[in-house]
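Below is a structure I'd like to ask you about.
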Amino acid sequence: MSKLISLEDAVARIPNGASLLIGGFMAVGGPNRLVDELIRQRKSDLTIIANDTARPTVGLGKLVVEKLVAKVITSHIGLNPDTQKQMISGDIQVELVPQGTLAERIRSGGVGLGGVLTPTGVGTTVEEGKRTVEIDGKTYLLELPIKADFALIAAKQADLYGNLTYALTARNFNPIMAMAATTVIAEAEDIVPVGCIPPDAVMTPSILVDHLISNSNR
Amino acid sequence: MSKLISLEDAVARIPNGASLLIGGFMAVGGPNRLVDELIRQRKSDLTIIANDTARPTVGLGKLVVEKLVAKVITSHIGLNPDTQKQMISGDIQVELVPQGTLAERIRSGGVGLGGVLTPTGVGTTVEEGKRTVEIDGKTYLLELPIKADFALIAAKQADLYGNLTYALTARNFNPIMAMAATTVIAEAEDIVPVGCIPPDAVMTPSILVDHLISNSNR
Amino acid sequence: MDEKTLIAKRVALELKDGDLCNLGIGLPTLVARYVPAGRNVFFQSENGIVGMSGPVAGADNHDLTDAGGSPISALPGAASFDSALSFGLIRGGHLDVTVLGGLQVDQEGHLANWMVPGKMVPGMGGAMDLVTGARRVIVAMQHSAKGESKIVTRCTLPLTSVRRVDLVVTDLAVIVPTDAGLVLKETAPGVTVEQVLANTGCELILSPDLRPMPLEG
Amino acid sequence: MDEKTLIAKRVALELKDGDLCNLGIGLPTLVARYVPAGRNVFFQSENGIVGMSGPVAGADNHDLTDAGGSPISALPGAASFDSALSFGLIRGGHLDVTVLGGLQVDQEGHLANWMVPGKMVPGMGGAMDLVTGARRVIVAMQHSAKGESKIVTRCTLPLTSVRRVDLVVTDLAVIVPTDAGLVLKETAPGVTVEQVLANTGCELILSPDLRPMPLEG
């Protein structure tokens, strides 16, 4: 029943062309070991769904610099000039999504909703190509769920079942992403025995996590 | 800046005819002191939104027995024969909502969505009178937000700002209800000084709570 | 062995190692007692916990109950959460199996289990989300009630979902709903095919590999 | 006092005791330094915390940063949460005030602050949700950039929201968008009404109670 797996084996399961939900906010709470291993194994043509593309030398920003990314769905690319450059040259397709909408779309995917109605983006360029729904005279955008092949999650602590906790602002997108992927791979700063995380402290229940990166030889 | 208020004063702010979100699941995690005070002050003609109507002698089930409730929006009334009796006699209007849909409707109200699309209830009596939306050939019900005048919340622990924690299955609807009301009143088993609840343990941030019931003379 | 135990034992064989499973109140609750040795099954209670276990005498806790409000306990590695996440697990396809009681199951595999108009209107609770969202839906019920079969051509009671259930386990038989109709897969100990057919309110297709119901894994 | 400090000080006067406030990156961040004494204002960082405060030297923590990834600290009573809840607070009307930078504000009170087509496409981040959901939206920006007024008849840059902002504070003036148009309420120290008008790209309505900009609460 152990979900422990080596970093190398975990990433080997990810094919080229896969879609990846990647936790973190400016790489804070981002799965940096998994990202580095993606680069080492030269996984390419990836679709990345993440809050932002970090900075060129940090976290998933490096995937962009290494030209491993074909498409990004994100709310912010302002601090990674490489993303902007590759977008303008046509090497990366970028879908910009308001941050709160991105969170709700990922959550929708994870909790089995067909979509949500949000007031955010009505009357702006974000509305283009989307259905609108009017309720009591107010207009909302119909925003559709996002799911991915894999979610790469960074936790503060994990138990051997895969229960996860996150610390402070490193939580961000990790818990909702852990619900929205076919396969969930988590890395954790600490791994503790089952029972060491109290039920009320668990932020991602173990049954959502498929693989937990071993901390051996770290 | 203290949010402490006496039980009596808190309930005195609730007018007859008010709509109340009431936390708890079969009264576990229910605001039992607030409910008892509603009865003592004979607040009537209430609209109650809650997971269930508990049992006749327990928690908010007593509000029904005392004939203080005009309408209930809930997922389950099976263990309170009084609710069923008053529904059949026409004394209480009952809107039955699937439990997961109830959770999402309340959450929508709290997080400012215009509604959500759910597959739950499609093709059943729950569909009656609702808009449906088709996405990629699959049909969803458009379920609308629920908000209320007041939310009555039961916490395990509160700090003096109003940060709240809940224990085990007593959490249930409390956190989402605390987002979906104009005025949020919380009671807590323990009240602790500010700083005693670590940021990661907070389940309802203080800024959502308007009044915290004093534990003096309890 | 009484009929409920029989049903619970048979259903328990369906649970696999690592499964997340939700048991409805009543008969389905019994299933937890008969999980085959060596299989680590996680039970969810929809009021907000994964890793629930039966109550421990002397350790009742007013913050820890099942969906009926009765005391339970929790195993090491349990996790608690709010109702939005609990039903997110259910609706989002993260729940491997749900076991629910039934009032009627029909030839299309539709389940009715939440109301009898004019008589009993408890409300659907979590049943509609469970049947809509679980990867696998198992109905655990008596084959007949008050002399009438609960397996019928078309449900006369309001449906719980238009999703076809995956397995029906009764005191007489195990039945699998398919595109072609209801397939009789197993007969209970001491029960003949003729007895099953006589007690069923619609046509049953006999499985080519029809067998006696196993009760041990 | 430089222009940014002036703007930040004036905006800070708008914050009330108990407010929940979100400050955009850049100039708006400065506002936190000038909250009038005696007012307990809670600052949210949309990456997941309420109760943020400025960094403490020697106590940087890689799990605690602002939305730009820079170290911050937290006050007693802070609460952390995920992005869904963070934007639930914003979109759900629980945020009392947001202070954002601007590229353009027009006569209808519309804000454009997230892209310059073909030149700068950082993405909207949380700005669209903030302007749509906050109870009060304050724009804090220079009155002009590169010799051109940022206050215009109609935004030529893509809008952040069609919601009208509530207050615009610049180095020259305080302006309130209304149904009738933009109302000039205050002029900065040493700045004349004529100077404001000359530096504004659209008509301004002079408030009957036009006054000098206060900088202390």
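We just call them A, B, C and D in the order they show up, numbering each chain from 1.
The working rule: contacts are C-beta pairs under 8 Å (C-beta built on N, C-alpha and C of every residue); 3 or more make two chains touch, one makes a residue touch a chain.
This one's a predicted model, so the numbers in the text were calculated from it and none came from an experiment.
Chains that touch both subunit B and subunit D are the following: A. By count of C-beta pairs in contact, A-D exceeds the other of the chain pairs A-D and A-C. Spacing of subunit A relative to subunit D, judged by their CA centroids, is 29 angstrom. Averaged C-alpha coordinates put the centre of subunit C at 55 Å from the centre of subunit D. Between subunit A and subunit B, the centres computed from C-alpha atoms are 32 Å apart. Per-chain CA centroids place subunit A at a distance of 35 Å from subunit C. Along subunit A, residues 104, 107, 111-113, 118-119, 166-168, 171, 199-200 each make contact with two or more other chains.
Of all residues in subunit D, those touching 2 or more other chains are 49, 74, 80-81, 84, 87, 90-91, 133, listed in ascending order. According to the touch criterion at the top of this document, the contacting chain pairs are A-B, A-C, A-D, B-C, B-D. Note for the complex: subunit A touches subunit C at residues 1, 107, 109-113, 159, 161, 163, 179, 194-195, 199-200, 202, 205-208. For subunit D in complex with subunit B, the residues that touch the partner chain are 17-18, 20, 40, 42, 49-51, 74, 76-81, 84-85, 87-94, 133. For subunit A in complex with subunit D, the residues that touch the partner chain are 25-29, 51-52, 54-55, 74-79, 84, 87, 96, 98-104, 107, 118-126, 156, 166-176, 203. On subunit B, the positions that touch subunit A within their shared complex are 104, 108, 111-119, 133, 135, 138, 140, 142, 144, 165-168, 171, 199-201.
Residues of subunit C that touch subunit B in their complex: 45-49, 61-69, 74, 80-84, 86-87, 90-91, 120-129, 132-133, 158-162.
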